[in-house]
Amino acid sequence: MNVLVPDFDFHRVFIAPWTENLASFGWITLMGFLVTATCGWVGNFLILRRMALVGDAISHSVLPGLAVAFLLSQSRGTLPMFLGALVAGIVATVLIELIHKKSRVKQDAAIGIAFTSLFALGVILINLYAGKGGVDLDQECVLYGEIAFVPLEPMVMVGGQILGPIPVVRMGFVALATALLIALFYKELLVSSFDPALAVSLGISATFVHYALMGWLSVVVVSAFESVGAILVIAMLILPGATATLLSHRLPVMLGLTLLHAALSAVLGIHLALWLDCSPAGAMVVAGTLIFVAAWIFSPSEGLLRRWFRARLEAPAVGSS
Amino acid sequence: MTDAPPLEIHDLTVAYHKKPVLWGIDLVVPRGKLVGIVGPNGAGKSTLIKAAMGLMPISSGWVKVFGEPVKKNLTRIGYVPQRESVDWDFPVSVMDVVLMGRYGHLGLLRRPSKQDRDIARESLDKVKMLPYANRQISNLSGGQQQRVFLARALAQESDLYFMDEPFAGVDAATEAAIVELLHELKARGKTLMIVHHDLPTARSYFDMLLLLNMRVVAFGPTNEVFTHDLLQSTYGGRLTILSEVAEAVREKG
Amino acid sequence: MKRGLQLALLFFGIALPALTGHAARIGDLSETNIAEQALRFFTFQDPAVRYALLGSILLGITCGLLGGFIVVRKMALVGDALSHAVLPGVALGFLWNMSKDPLAIFIGAVLAGLLGAAAVHLIKHTTRLKEDTALGLVLASFFAVGICLVTMIQRLPTGNKSGIDKFLFGQAAAIGAGDVQLMAVVTGLAVLVILLFYKEFLLTSFDAGFARAAGFPVQAIHYTLMLLLAFAIVIALQAVGVVLVSAMLITPAAAAYLLTDRMHRLLALAAIFGLFAGALGAFLSFLRPNLPTGPLMVLAATTIFVLAFLFGPRHGVLARWWRQRSSAARIQRENTLKAVYHVLEAREFKGEGVSLRELAERRRETVKDARQQAGELRRHDFASLQEDGNAIYLTPEGWQRACAIVRNHRLWELYLTNAAHIAADHVHEDAEKIEHVLGEEVVRLIEKRLNYATRDPHGRSIPGLADLRRGASPESPASGPTGYGRSA
């Protein structure tokens, strides 16, 4: 192909994937949905706790943990990966605390220093070892993930039934676990996010909730990492929650809207990627961004249009009084 | 019910970033009193109630609530924080906030029951906020937000209440309603410790006053404590030495 | 915190041997290669080396300077967001004529950066979303658009060879003559603007409210700074890459922030650190082909930061630990002096020497400990030892110090009981701590406040100036008011 933006061919973009290539596109779309939904749920709480950029930091910091885990175990097994990422996530949290408690560097700079250093370390490790010892983790995977290769992964079979490719099944479990954890600890999460002092006076340790959330965030980020890379994960964490915030004032509704956003951005994203022939993970985020922008403009309660109309309605009233 | 006093503080010192903000606090609060905590800015009023509830680490001394360490009696404590301490854009309804007052009684994994909802509804009714139960909290006025916080404290069904400036920035009607509510709670044998900013009203609102300026200047019945001399030594600048030494402790500690 | 440190050490204990082990293996295979490359680098004969080095130095200086403002304004994460947001601009600049035209890429990236800044501003002011969410949104969504464009460009026949992917993690070796020219111009411009408007930048960074009241165009200054920030990010792109540019802004400046208390020194140090990190990163990446430059520069900057963090003369961890240790030792000495004073006081200052056994009894410890502390006093010229080593005599300095400490203690007790109305049986513990931190001025204030009282709440005499002059000799205690303040 010699043009940047290929001609829009309705059949190729919208029909063919579902009629001719359902197996692979189905898995990719499902994976995109699971990643965005899971990240989005955790992200809702990050946004409420004003910790959106801690998500940024953690998602960068898990890289050296993954690299070291791959090197030590010489495999891409699930357990070493989770352990490596968990350790790296904790190291990042500790380093941030260490820098800003033991020196006069403020927290924002401490976050910036810790995660860029860890990320740089990770990139160098990967570059030194790329392609060696069966470790096929490379720069592209770090940047925009390999969601397109999901259908090529080995299938998980249960009782002769195909359950799905390994990453999808793994992400499915993480998604279910996330939903379960949120349901079980909903009130602890809610009160410690809204009013940490009250939480402590009720006997709920805000510090514990904080570290538990960070730990689970590392797990979610790792399971999303292979598909969407270290940086697009941030978009998956923030976009759904931010969009939901613009559309509702109720947390349960927002969690539902997060699912909707995830489904829409996965489906629209895959078609966008097919049309433009670009990175599917990137396209899913672009689709999610478009949905956010739409909510920003058209939100019935507080969209830009609504604000504009209200300002126009009120202006003459102020003038006459 | 035991005979232990609701709140007993012994030799409490609290430091913030190594700089002492409360110094050698000794206090025994009797049951069923409405106590106002007054003092100038930076006197450590909010710090005192936070330290008493275990929300802040203390440098020395101890606090007992109904004769036991605070952690053991958390469900008997109710708390009304300063209104600015939370994000009022938070996606919860008035009812959700009041239900949070019940969380301490629920423990892990349990959801609020029908009974908890009834208690929350009654509490809202007492502060005349029941019609707003399903509103999102950002749509409330300052006085209404304060009433929601009070309702939440009521739903906690505690015996000892700490309130941090409940009268700050509320309308006259709310202020009157709050005073009425405080007296009603007192009549039911509850003990209330209230951080208060306004001296003239302090005299009429409270049974007892705690004059605070880094240390307890005086604590006793309002008519005994509300004297020119004591107020002078609370608000007067005579304690510059104490704050200078606090600064020295921070630098060299 | 200690456990955290151990964890961190453990982590690097795993990572570092892995790195060095590998390096050793490479060394076996191609030792001459690395040495040759190093030689090639240091002779500067290769124009590619000269450009790479020059470019790295320029970007280090610009990033350091701008980073100084970013760090003191607590905008580190704004820098991060902006640096990711330039990616689509880079890609579009690249598309301009399908080549790596420095000017087109520069313009595209600056525009994207400014658009990103505007988007953050808009989101913050027209929605309920908070700043951190707005930053994260812009960072990730701009980056995603960039990733889409980059993958689209790479698919093109010309795009594949173009090296646009080098903009992600940086490649100093790809810097050409045109890049260096542009970088020099932009660096010169940034330095000039900062020099011209230094006072405005300083004032708005420190106290925007005051600046606004004083009539400064705070908003315009803020946007000028954002523009310069975008400049710095863009010239660093080629060598550091989009992903890690923010580190070159934050880390050198944060290291400088640990070392100095003055803004102009901070900026100078940050520029020097940036320069070093840039040059070192360029050199290291030159040793092995295919190592991205950005991460190496970032790790070089991190090393500088860690050194400043540990060894900074005033704010460093080591210096602080040392200060705490020496302050603990001083408190220990002062307590020993106080004990000597108490022994002397108990026998109404008859006889000058104090035996170590008396001292040990007083302090409720062993004679061995007392001997060790006596030695400590002797080393600081506060006391001399009897020949057999069993008794100590205070020197005049030691006597003065002992009086001062006892005086501080008793004055503070009196102050707490009289002025702060704290019960007399509560004040001792507090005075034990405060006696070591009271300065001369505060002592005078307290004396004045207490009307130069001579007795503490427990009825003991407060040593005054006359006691100091008298020395530790058996004379009658001075009478009447004896405050330092009165005689001064």
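Read from first to last, the chains carry the letters A, B and C; within each, the first residue is number 1.
Everything below uses one rule, namely that contacts are C-beta pairs under 8 Å (C-beta built on N, C-alpha and C of every residue); 3 or more make two chains touch, one makes a residue touch a chain.
What you see is a predicted model; the values in this text were computed from it and never measured.
Visitor: Mean of the CA atoms for each chain, then the mean for all of them together: which chain is nearest?
Guide: Nearest to the common C-alpha centre lies chain C.
Visitor: Centre to centre, using CA atoms, which chain is the farthest one from subunit A?
Guide: Result for the farthest chain: B.
Visitor: Which pair wins on C-beta contacts, A-C or B-C?
Guide: Result: the pair with more contacts is A-C.
Visitor: Between subunit A and subunit B, tell me the centre distance in angstrom, where each centre is the average of that chain's C-alpha atoms.
Guide: For subunit A versus subunit B, the centre distance works out to 40 Å.
Visitor: Compute the distance, rounded to whole Å, between the mean C-alpha positions of subunit A and subunit C.
Guide: Here the centre of subunit C sits 33 Å away from the centre of subunit A.
Visitor: How many angstrom between the C-alpha centroids of subunit C and subunit B?
Guide: Roughly 38 Å, centre to centre.
Visitor: Quick one: which residues in subunit C touch 2 or more of the other chains?
Guide: 128
Visitor: Which subunit A residues reach two or more other chains?
Guide: Counting only residues that touch two or more other chains, subunit A contributes 245.
Visitor: Return the residues of subunit B touching two or more other chains; collapse runs of consecutive numbers into ranges.
Guide: In subunit B, the residues touching two or more other chains are 138.
Visitor: Going by the contact rule at the top, pick out the subunit C residues touching subunit A in the complex.
Guide: Those residues of subunit C that touch subunit A are 1, 4-5, 7-8, 11, 14-15, 18-19, 22, 71, 74-77, 79-80, 84, 95, 123, 126-130, 132-133, 135-137, 139-141, 143-145, 147-149, 151-153, 155-157, 165, 168-169, 243-244, 246-247, 249-251, 253-254, 257-258, 290-292, 294-296, 298-299, 302, 305, 309, 315, 317, 320.
Visitor: List the residues on subunit B that touch subunit A in their complex, please.
Guide: Residues 50, 53-55, 71, 74-75, 77, 79, 81, 85-87, 90-93, 96-97, 100, 103-104, 106, 108-109, 111-112, 136, 138, 152 of subunit B touch subunit A in their complex.
Visitor: Inside the complex, what are the residues of subunit A that reach subunit B?
Guide: My answer: residues 48, 184-188, 190-191, 193-195, 197-198, 200-204, 245, 248-251, 254.
Visitor: So in the complex, which bits of subunit C are touching subunit B?
Guide: So the residues of subunit C in touch with subunit B come to 128, 327, 415-416, 419-423, 426-427, 429-430, 433-434, 436-439, 442, 445-446, 449.
Visitor: Report the residues of subunit B in contact with subunit C in the complex, numbered from low to high.
Guide: My answer: residues 11, 13, 23-24, 26, 60, 89, 138, 215-218, 238-242, 244-245, 248-249, 251-253.
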